[in-house]
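The structures considered in this document are given below.
In the two complexes below, subunit A is the common chain; its partner is subunit B in one and subunit C in the other.
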Partner chain A sequence: MTPSSLLVGIIVVPLAGAVLTPVIGGKAGKHAWTWATTVMVATSVIAAALVNQVARTGPFSAYLGGWERPYGIELRFDEFSASVAVICLLGLLAIVFSQKYAAKELPPARLGTYYTLLLLNLTGMLGFVVTGDLFNLFVFMEILSLSGYALVAISGERTAEMAAFKYLVMGAVSSLLVLFAIGLLYALTGSLNMADISDRLTGSAEVPAMLALALLTTGFMVKAALFPLHVWLPDAHAIAPSPVSAILSGLVVKTGLLGMIRVYQIYYGAKVLDLSSLNTVLVWLGAISIVMGAFFAIFQEDIKMMLAYSTISNIGYIVMGLGLASQYGIIGATVHIFNHALIKATLFLGAGALIYQTGYRNLSDLRGVGRSMPFTTAAISVGAISIVGMPPTAGFLCKWYIALGAVQAGHPVFGVALVFGALFIFVYYIRMVNSFYFQAPIHPEILEVKEAPLTMLAPVLILAALCLAMGLLGRIPLSFIEPAVTRLLGTLGG
Partner chain B sequence: MIVHLWQNIDYVASVVLFCIGLYCVITKNNLIKKFIGLNIMETSVFAFIVALGVVDGGDAPIMGAGARAPFTNPIPQALILTGIVVAVSTTALALSLVIRIYQHCGTIEADELREME
Partner chain C sequence: MVETQLVTSIVPPLAFVLPIIGAAGVVPFTANAPRLRKAALAAICVLEVIVAASFVPGVLSGSEYQTHLVQLTPRIWMYLHVDALGALFGLTASVLWLIALVYSFGYMEGEHRLGRYYAFFMLALSWTMGVAYAGNLLTFLIFYELFSLLTYPLIVHEETPEAMAAGTKYIIYILIGGSLVLLAIVFTFFLAGDQTLAAQGGLLALSMGKGKLVAVFWCFVAGFGVKAALVPLHGWVPDAHPAAPAPFSAVLSGVMVAAGSFGIMRVVFNVFGVALLRELDVMRWLTYFAAFTVVFAALLAVSQDNLKRRLAYSTISQMGYVALGIGLLGEEAATGAIVHIANHAFMKGALFLCAGLLIKRAGIRNVSDLSGIAQKMPVTTAAFAIATLAMIGTPPLSGFVSKWFLGLGMLDVGQPWYLAVLLGGALLAAVYLLPIVYAAYFRPPSAAVMALPERVGGEAPASMLVPLIAAVVLVIVLGIASSVPGMPLSLARLAAGIAFK
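The block that comes next holds the complex of A and B.
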């Protein structure tokens, strides 16, 4: 297989899989799970081959229909696109987890639809990270957003539909902001290819370029749920079925951030604007996001609601790292995109397993569950210490790098904000762990609950193991992403 | 300034429509009206991008015996066809959600829904 056919394959395989799911899945969606798992295994193999390729040879492209840049549509795979690996991994594990969960929580008639939407959502994300064409980026963003809105509403409950509608309105407005910006950039440069836009934007009019930048930033930050654009997130992420929450919180919000990295690639390369004021705004909003997310999370009783607010904090970390615009800051932010996806999926899937087995979702109702479900709660605890950022787990490394980035950028005060935020986060996660292990149960029957079934336990344990492994083997992702960040900042320093 | 705006009246109109749509999305209480606002925004963006490709006196870019330069740019129109498909699917999804919300709650006024939560 050549690299270009692999690049096409990573979009076509899950897309074809999604379209065929209703046909192959059968009437009641009996075979839908088997089929979706098979498709995701195949996609993961392709993703592994692509990541291996980029590690050996550096970035590469595929031109659809044989039309070279800037005429045709380019698929571009660089180090940032290596997030396909984590998208495939999480997608696969969430689908495996869904077997029992979806069968219990969803009406049987919706099972086929559920797996179709899940695969479409993953296709949208995979396409989003590998495309080199700005309009293509928009189309993939819409695929993943629309399937995301539908997945939030899939349980058919009243609250789920209202959360989905709120998410849809915010999401559609942000998509339109991005589309408007794409129109502006097309008017300025006459091109839709991102690398080509970056070349041609040099020396163009400043005001429209600035307007496009503002629209793109706002649009992507709504998708990423940065404070104060986060209002849609807690309901949507908490009410969706747990595997969907893991995908939404771990991956879908990250597409906003990866989109922001693409915007930086365009604008840093073009040198048309001084981005330092934008960066200052992002660093501040990031810092406020960390504190506000943690602050709201402290008052949540519902375990999934708490996890949803914690996502806002972590988005704050990543945005702050990007805004610092220093080598360490951006490396830390990028690696945190990967690691937070692993950590948050551990937590959401673990919470899903608890809810599935006990039927409770409030922290006080879940007291004592650590004694009856030791493996799941152990995995959640690993996720919790990891998200707080204690060594030797995955979360520590990125936060350490972002703090170093703050010092490197000459703003050590943000490093302090980061540590302060981590303390806040520690408070509410310790509350969770405390209620699992050390508090007397309110409901005595919770001690009789059995451990989660294997299809649920295995994904949670694999993810928890990865949270630990990513802390111990942290050098690998850091050194992997370094050349891309050096290239990005090299165009900046000039 | 005014002359400049008058010369770009198509862009000005799109921006004004965009703002009207955004105003509706933010202030309207009825979910369907909110969504009509969103549709106005969509239309304004589409109009803006299609207007980018227009050339005064331009011909349809179809090669053949009668083809005569200048041609209008076909790419924005092709983009917007895709954009319209996206907009239609968003509208379909949103309206079906509104129907479900009405069936469950008996109202589609945002403030009454908030009270029910």
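The block that comes next holds the complex of A and C.
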């Protein structure tokens, strides 16, 4: 297989899989799970081949229909696109996890729809990260957003519909902003290809370019749920079925950040504007996000609500890293995009397993569950240790690199904010661990609960193992992403 | 002195791998075979002591051992390096752990959640050994944070409201301290790049800017000071010790608090280096804090009625000696500080093991109930008396050795007025510990003691008495035979000699 056909395949395979799910899944979605798993395995193989390719040769492109840029549609695979590997891995594990979970939580008639939407959502994300065309980017963003709204609402409960509606309104506004910005850039440059826009933007009028930048940033930051644009996130992520929460919190919000990296690639290269004031705003908002997310999380009783607020803190880390615009900061932010996906998926899937087995979702109701579900709670604890940034787990790399990045950028105070902001996050994870292990159960029957079934336990344990391994083997993702960040900052000229 | 040579060896990782095998490979599978579990864990701890001791002859003859483990980032390896200071700390920790483990077999009999207790007890040993042998700052940080965090289950083990509250306090203090250490390490890394801990420091240089260096130094000291219980950062110590099970209190006081002091030593000797610190002129502030700690904590200890609380304050005071010895920046004083870590570990360990026996066998937690206990528990009382004398610094017991060197060091650097602190601390130690011994032997029995039933057989199971006696024997031997090569003093001298070369 040539790299080009692989690039096309990573979009077409899951898309075709999604379209065919209602057909192959059969009545009441009997075979939908088997089919969706098969599709994701195939997609994962393609993703692995692509990542291998980029590691060997560096970035490469595919031109649809043989039309070179700027005339045709370009699919571009660079180091940032390697997030396809994480998307596929999490997608696969979430789908495996869904087998029992969805069958219990959802009406049977909706099972087929559920897997279709999941595959569509994953297609949207895969397309989003591999496209080189700004309008395509928008289209894929819409695919993943629309399927996301539907997935939040899929249980059909009243609260779920409300949360989905809130998510939809915010999401639609952000899409509109992005679309308007794309229109502006098209008017300015006459092109929709990102690399081409970057070239042509040089020397163009400052004000429209600045407007487009502001719109793109705002749009993507709504998607990423950066404070104060986060209001849609907690409800949507907490109320969705747990595998969907894992995907939404681990991956979907990250598309906003990956979109932001694409924006940086355009604007750093174009050198049309000085981005330092934007970066200052982002660093501050990142710092505020860390603290506010942690602050709200402390007061949550619902375990999934707590995890949802924790995502806001972590988005704060990443945005801060991007805004610092130093080598270490951006490497840390990028690697945390991947690592946080693994960690948050561990936590959400683990929480899902607890809810599935016990029927409780409040921390106080879950007291004592550590005794009856030792493996799941151990995995969640590993996730918790990792997300607060304990060495040598995956979460530590982000703290280390972004703090270094803050010093490198000459703003050590943000390093201090980062490290001490993490302490707040500790507070509520300690509460969680306390209630699992060290407090007497409120509901004695929780001690009789059985450990989660294998299709749920295995994904959680695999992810927890990755949380540890990605910390010890941090060199691999770090050295993988380094050339891309050097290139990005090289275009900045610094 | 012999030139040191660096030997690449596969033995150092064993020091932290062995206890992990115990925690993950033995404990979960022996829930229904308590005897097998005890035998296996004890065997692992014995092996651990052998591993730790195996470095000593080599280190004394001028070899140091290193291992590169994994590459954490493109620039930083996880790297172990056994030098004299680390070898001494590792050996002290492993021996005290063995003693406390065997004591646990008796003390924890019939307690709840034993699997969790033993697993985390072994893991704590693993992280401590990692701290001892860490060869660069990031490796140090990894083990230091793991062992700060993963001892939480041991502190809250009893799950009583007091234990939970003490645990919360512990975790808040320790996390803030850990964050400061992390920040300091980030700064050091930024200024110096990835460098291994060097024999005479020198990672940093004055050209990097005096203000920055001073900030980094205080960041380090404040961070480690939380664990080393430097006043005013000591708040968690008096609560955590009474809450934890006695064998864990022993290692908590003996080794874990000392790990903070060990961290300060690493910073002073191996990161900054003596020469740079003399130029920065920051150490005298450290000595002020340390001197205050010695006296202030000892004064507070006098008024504590809870025995374990009183001992906890005593630990704070004793760790003040260590910080004082480091702060004076003299070779003799540093020798005293380093050797005091080892000596204090066994003295305080013995005292906490006595306190545990009193709780377990007589139900006595308070000093005021101890009168006349010598009649019922003669071995425990005798052990307590010997450890008390050592703590005060009576020759020829081990406490005397460290204080002798500290005193010599004070004269050596020309600051004899610190002798007042040294003697004052010792005097106060007599005030807060000797009355206990006096009451135990010579006062009429208290109501609590009278109420104790006449025991048939010994005063406690052998699994508790033997470790206690072992600790007391060590207290005596480390005093009498302190100048024998291979004893802590020889390693401490070597370590100080290297640092001040």
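Here is the rule we use: the second predicted complex is superposed on the first by the 493 of 494 C-alpha atoms of A that agree within 3 Å, B and C clash if a C-alpha of one lies under 4 Å from a C-alpha of the other, contacts with A are read in each partner's own complex, and residues count from 1 in each chain.
Everything that follows uses one rule, which is that a contact is a pair of C-beta atoms (placed from the backbone, for glycine too) under 8 Å apart; a residue touches a chain by one contact, two chains touch by 3 or more.
Just so we're clear, the structure is a prediction, and the values are computed from it rather than from any experiment.
In the superposed pair of complexes, A:479 makes contact with subunit C only, with no contact to subunit B.
Using the contact criterion defined above for the overlaid structures, shared-chain residue A:135 touches subunit B, although it does not reach subunit C. Between subunit B and subunit C, C contacts the larger number of subunit A residues.
Shared-chain residue A:186: touches subunit B; no touch with subunit C. In the superposition on chain A, A:451 makes contact with neither subunit B nor subunit C. Of the two partner chains, neither subunit B nor subunit C is touched by A:199. By the touch rule above, subunit B contacts subunit A in their complex via residues 18, 22, 25, 31, 34-35, 38, 41-42, 45, 48-49, 52, 75-76, 79, 82-83, 86, 89-90, 93-94, 97-98, 100-101, 104-105, 113, 117. Within the complex formed with subunit B, the residues of subunit A that make contact are 135, 139, 142, 146, 149-150, 153, 156, 158-159, 161-162, 164-165, 168-169, 172-173, 175-176, 179-180, 182-183, 186-187, 192. On the subunit A side of its complex with subunit C, the touching residues are 385, 390-392, 397, 399-401, 403-404, 407-408, 412, 415-416, 419-420, 422-423, 426, 430, 434, 437-440, 471-475, 478-479, 482. Only residues 70-74, 78, 116, 138, 141-142, 145-146, 149, 153, 156, 159, 164, 167-168, 171, 175-176, 179, 182-183, 186-187, 189-190 of subunit C touch subunit A when the two sit together in their complex.
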